[in-house]
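Report on one structure; see the data block that follows.
Letters A, B and C mark the chains as written, and numbering starts fresh at 1 in each.
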Amino acid sequence: MASSSKINAKIPEGTLEEKWTKYRSTVHLVNPANKRSLEIIVVGSGLAGSSAAASLAEMGYKVKVFCFQDSPRRAHSIAAQGGINAAKNYQNDGDSVYRLFYDTIKGGDYRAREANVHRLAEVSSSIIDQCVAQGVPFAREYGGTLSNRSFGGTQVQRTFYAAGQTGQQLLLGAYSALQRQIGMGAVQLLARHEMMEVVKIDGKARGIIARDLVTGKLERHFGHAVLLCTGGYGNVFYLSTNAMGCNVTAAWKAHKNGAFFGNPCYTQIHPTCIPVSGDHQSKLTLMSESLRNDGRIWTSKKQDDTRKPNDIPEEERDYFLERRYPAFGNLVPRDVASRAAKERCDAGFGSGASKMAVYLDFTANTERYGKIEATKHNLHSPNKQEIIQLGKAVIKEKYGNLFDMYKQITGEDPYEVPMRIYPAVHYTMGGLWVDYNLMTTVPGLFALGEANFSDHGANRLGASALMQGLADGYFVIPYTIGDYLSEEIRTKVIPTDNEAFVVAEAKVQDHINKLMNIKGTKSVDYFHKRLGKIMWDKCGMARNKEGLLWAISEIKSLRQEFWSNVRVPGDANEFNSELEKASRVSDFLELGELMCIDALDRNESCGGHFREEYQTEEGEALRDDKKYAYVAAWEYKNESDYKLHKEELKYENIKIAQRSYK
Amino acid sequence: MSQGNMNLTLKVWKQKNKNEKGRFETFDAKGISPDMSFLEMFDVVNEHLISSGKEPIAFDHDCREGICGMCSMYINGRPHGPKQGVTTCQLHMRSFKDGDTIVVEPWRSAAFPVIKDLAVDRSSFDRIMASGGFVSINTGNAKDANNILIPKYDADDAFNAAACIGCGACVAACKNSSAMLFVSAKVSQLALLPQGKIEKRDRVLNMVKQMDEEGFGNCTNTGACEAECPKSISLENIARMNREYLKASLT
Amino acid sequence: MSEKSFFLSSSIGKKISMGLTGLFLISFLIVHVSVNSCIFINDGGITFNAAAHFMATNPLIRLIEIGLFAGLILHIIFALLLTLENKKARPIGYEKINGSANSNWYSRSMGILGSLLLIFLVVHLAHFWIDTKIAVFTGKADKHNTFNEMKEVFSNWYIVALYLIGVGSLLFHILHGFQSAFQTLGLNHKKYTPIIKKIGLWFSIIVCLLFASMPVAIFTELIK
């Protein structure tokens, strides 16, 4: 297989270890005086966006940041709980850049680019240094050094964390760096603004059309380069762990303007989420993967067991992950854990009213911690109750906020009864196709963080999203953007009365007018929920040809119905949440189809993409490396018309193998 | 469980935009399940309003898991409603009784102008952060993370202060619309850490100056902010900020 | 980075001034209540009058008295400034407030309590201080009998009632004010703040009980 001629990943020459170092020393630079006259637009203010905007402004570029929330600090990176990986080897447990690289490639089921992943592993260490220097309060040991914990898919402790709020602390660090630049006038912030269109001039991205979400006014903004740091598209499923506002709009508009979409079908379903409680549910809440450090996952050995979990004796419990994967146990990667839970529930071993939940139980470790504490406190022959009390205190310190959140949402106390959990859509590995420079197929248009497809292959390991977002923003784009901008120093600022801006704005205005004028009978949520159900049932944790074909035709007719019967109340020239949602859902209705097309095209199972037709006898994912060791980069031709371009994945440093966690 | 059997009456502040005058309107919330979150209850009401041809109630929300700080309702006389330590999005309807009348208002502060209905503009918080809520270190200048040793207790205190989600409940709860808890949380976090100590003098002076210019009121130590803070940020932070400010002013 | 803002015009500067003047006024209460407690010796006011005479004529005390008034005036001025700013900070109020859910009523009512105290203070000064001043300036301090004056004033039940209201206001004003001043000055510590709060509580109760018992004891003629 050869890569399509239309895409060039621009992977530097040299051995894997040298690529990035060499590249950094040879990439074109922009001199400080020229940086001052180059303008960069950053859309999105999460980890990737904030860190990129701050770093680029520090270097001297003129930066504009857009976010749809009321403040950059609200971007959904804030909700990441568990931690961030880095190959520091502080625990002296044999970690190295190579191991992090290897774990990430393997965790991604051999569908990620070697060079990108190795670069990610290389810069991971600098991220921790940078964050600590900013004042991010990571968890520490009594000696004052940083603390680590384990995460799924690895056998070393390389995850840095700040209680269950690591994403929050990292984002606030990047946000504070961004605010510093805003205070100095180097960055202009446009909060409550949504990007509605990319503006291209002579084939290059030259700006965006944004909608002021308070006044409804459309605005034109020029930039020598446009960075999309707009996160993932998990909300296509309606129910996901994403924030309500997370959307694909920016990426989708870029896609329709020539940016190829990479691996859209790779969706991560997170194994430990709070189960759905009813039709009113608007979002799903994650219980951090870090809980799998201390929680054991089980179901009853009896089908349709209606007993309360505490009434099921030990010998009648099936710790199915420990049984199936003794080497990694409860810490297998997310895709593996999710599928195993689904398999148990589908087979009738689930619990709760809907039977769609498994138990996550902390009893064993509460007891273990209790015993350690008792020894520490010189308590001789403590009784069981004392041990449990001491153990609960330890669990509380480690996961207190998560336990409180669980109790608040479900009304059940996880200190007393095991949590009930079920997989939920969490992250999308797919995204805009980018080359080694993080540039899409549209020159001058870049994609960072979850918005691009690059580093996680078909499945992302826990605590790697934060790593990638910050790597892209702090340590990759500041160098790689020079490769493009060094050629742009002669480009003067293009006035926004340029024809291209006028046309793009008119297109957006037309789109909005269309939505407002349908005046149908159904709300936006009605369509979004229906789309979500189609996607979850047919393009979720398990997919098959028949289902995907059905989904594609269903989505098409749903889209038609949407455009003839959606109701957007209010006015376009005002704060109008329904209009915002309608516009986002209209894009999801197109993306959903592409996801199914991609899933249908990939006749293998890998990572987050599980085709029921392709599995081993034990029910594990069955890859087809001969035919499918490529990145699927889809080109938008017309509505429902996408052309596939393949980027061959070459593994020169890793022996590609059947993934095993047994 | 989707359809519940709670029926409630909502008295909600409606205001078209920043410039127009607002007023209270009454809405019925029918068939509410106790498992719904407060915002999901609003979703149900809005869905009903849309299908009957009316405009829905505008409110801010995003993550719906209590961490982004976007949701902001003043419910029955308290920011984020009757439960302590939770945001509106994590407040569940089981905290109310069938037949209740619930009064829902936007955050009230001169520094938080209403944009529409229950949504307010909190950009004043961003401007305070831009005036000094950071460590001045450019990307790439950091030394190895473990070269900075920080006592666990200081790190924990800094973390507890840094847990602030910037929702503005402290301002909403305070009878004086004071933002001291918010500002002091950031001042404290950075003053407690060696990385932040270098600029602590300028930081506290600049941040307090910006806070005053934004039109927030003064602290009278009623403690309402701490009691209503969804992340239980401690009043100790305000004392620390006062101390830092006094020190910075005297030297 | 930016010009230094003038301490007293800043929110925290004003607050610290409130706290410092407040603590200064509290320290006066200790002297005042100690001197007045001499009436409980119940010796027909001999000890009390001697102490009062000392307080009225000692030059050092005179100097401190000026400071005391300055402190009082500053405390009032800053209170007014802060109150005005605080009112401006919330131009539109809430329809429904559930203040008791998050704070003590008296911590939210310092302005009202302070105003009551001020009214009481005017009456109180008119009753005792002005007469004493006149006596001192006309050289009749030696003959001035404050104890008798007290007996006369406190023979009216409505004046006793007014004093009880005044002392009640004082109780709640310093119940919040005492620990609030420490917090404002930045003295908050896990170990010591509970102690400060306890001291504040007992201080307020003891001082105010003593003050309250004076008019009551005289009115009921327990003290003659």
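By definition in this document, a contact is a pair of C-beta atoms (placed from the backbone, for glycine too) under 8 Å apart; a residue touches a chain by one contact, two chains touch by 3 or more.
Not measured: the values here are computed from a predicted model.
The chains that touch chain A as well as chain C are B. When every chain is reduced to the mean of its CA atoms, the largest separation from chain C belongs to A. Looking at B-C and A-B, the interface holding more C-beta pairs in contact is that of A-B.
Central chain assignment: B. Criterion: smallest distance from chain C-alpha mean to the mean of all protein C-alpha atoms.
Centre-to-centre separation of chain A and chain C, using mean CA positions: 61 Å.
Here the CA centre of chain B is 36 Å from the CA centre of chain C.
Our note on geometry: chain A versus chain B, Cα centroid distance of 26 Å, whole angstroms. Contact of a single residue of chain B with at least two other chains is seen at positions 131-132.
On the chain C side of its complex with chain B, the touching residues are 1-2, 4-5, 7, 10-16, 82, 85-86, 88-99, 101-104, 107-108, 110, 176, 179-180, 183-190. Residue ranges on chain A touching chain B, taken from their complex, read 51, 54-55, 58, 69-76, 78-79, 88, 90, 126, 128-146, 162-163, 165, 168-169, 172, 175-177, 179-180, 182-183, 189, 191, 214, 241, 243-245, 277-283, 285-286, 353, 404-405, 408-409, 411, 474-475, 478, 521-523, 525, 567, 569-570, 574-575, 577-578.
Note for the complex: chain B touches chain C at residues 11, 13, 24, 74, 76-78, 82, 103, 105, 108-111, 131-132, 173, 175-178, 180, 202, 205-206, 208-209, 211-212, 215-224, 227-228, 235-236, 238-246, 249. By the touch criterion stated above, chain B contacts chain A in their complex at residues 1-3, 16-17, 33, 35-37, 39-40, 43-44, 47, 49-51, 53-56, 58, 60-70, 83, 85-86, 90, 92, 94, 115-116, 119, 121-123, 125-126, 129-146, 148-152, 155, 158-159, 162-163, 165-166, 189-190, 193, 195-196.
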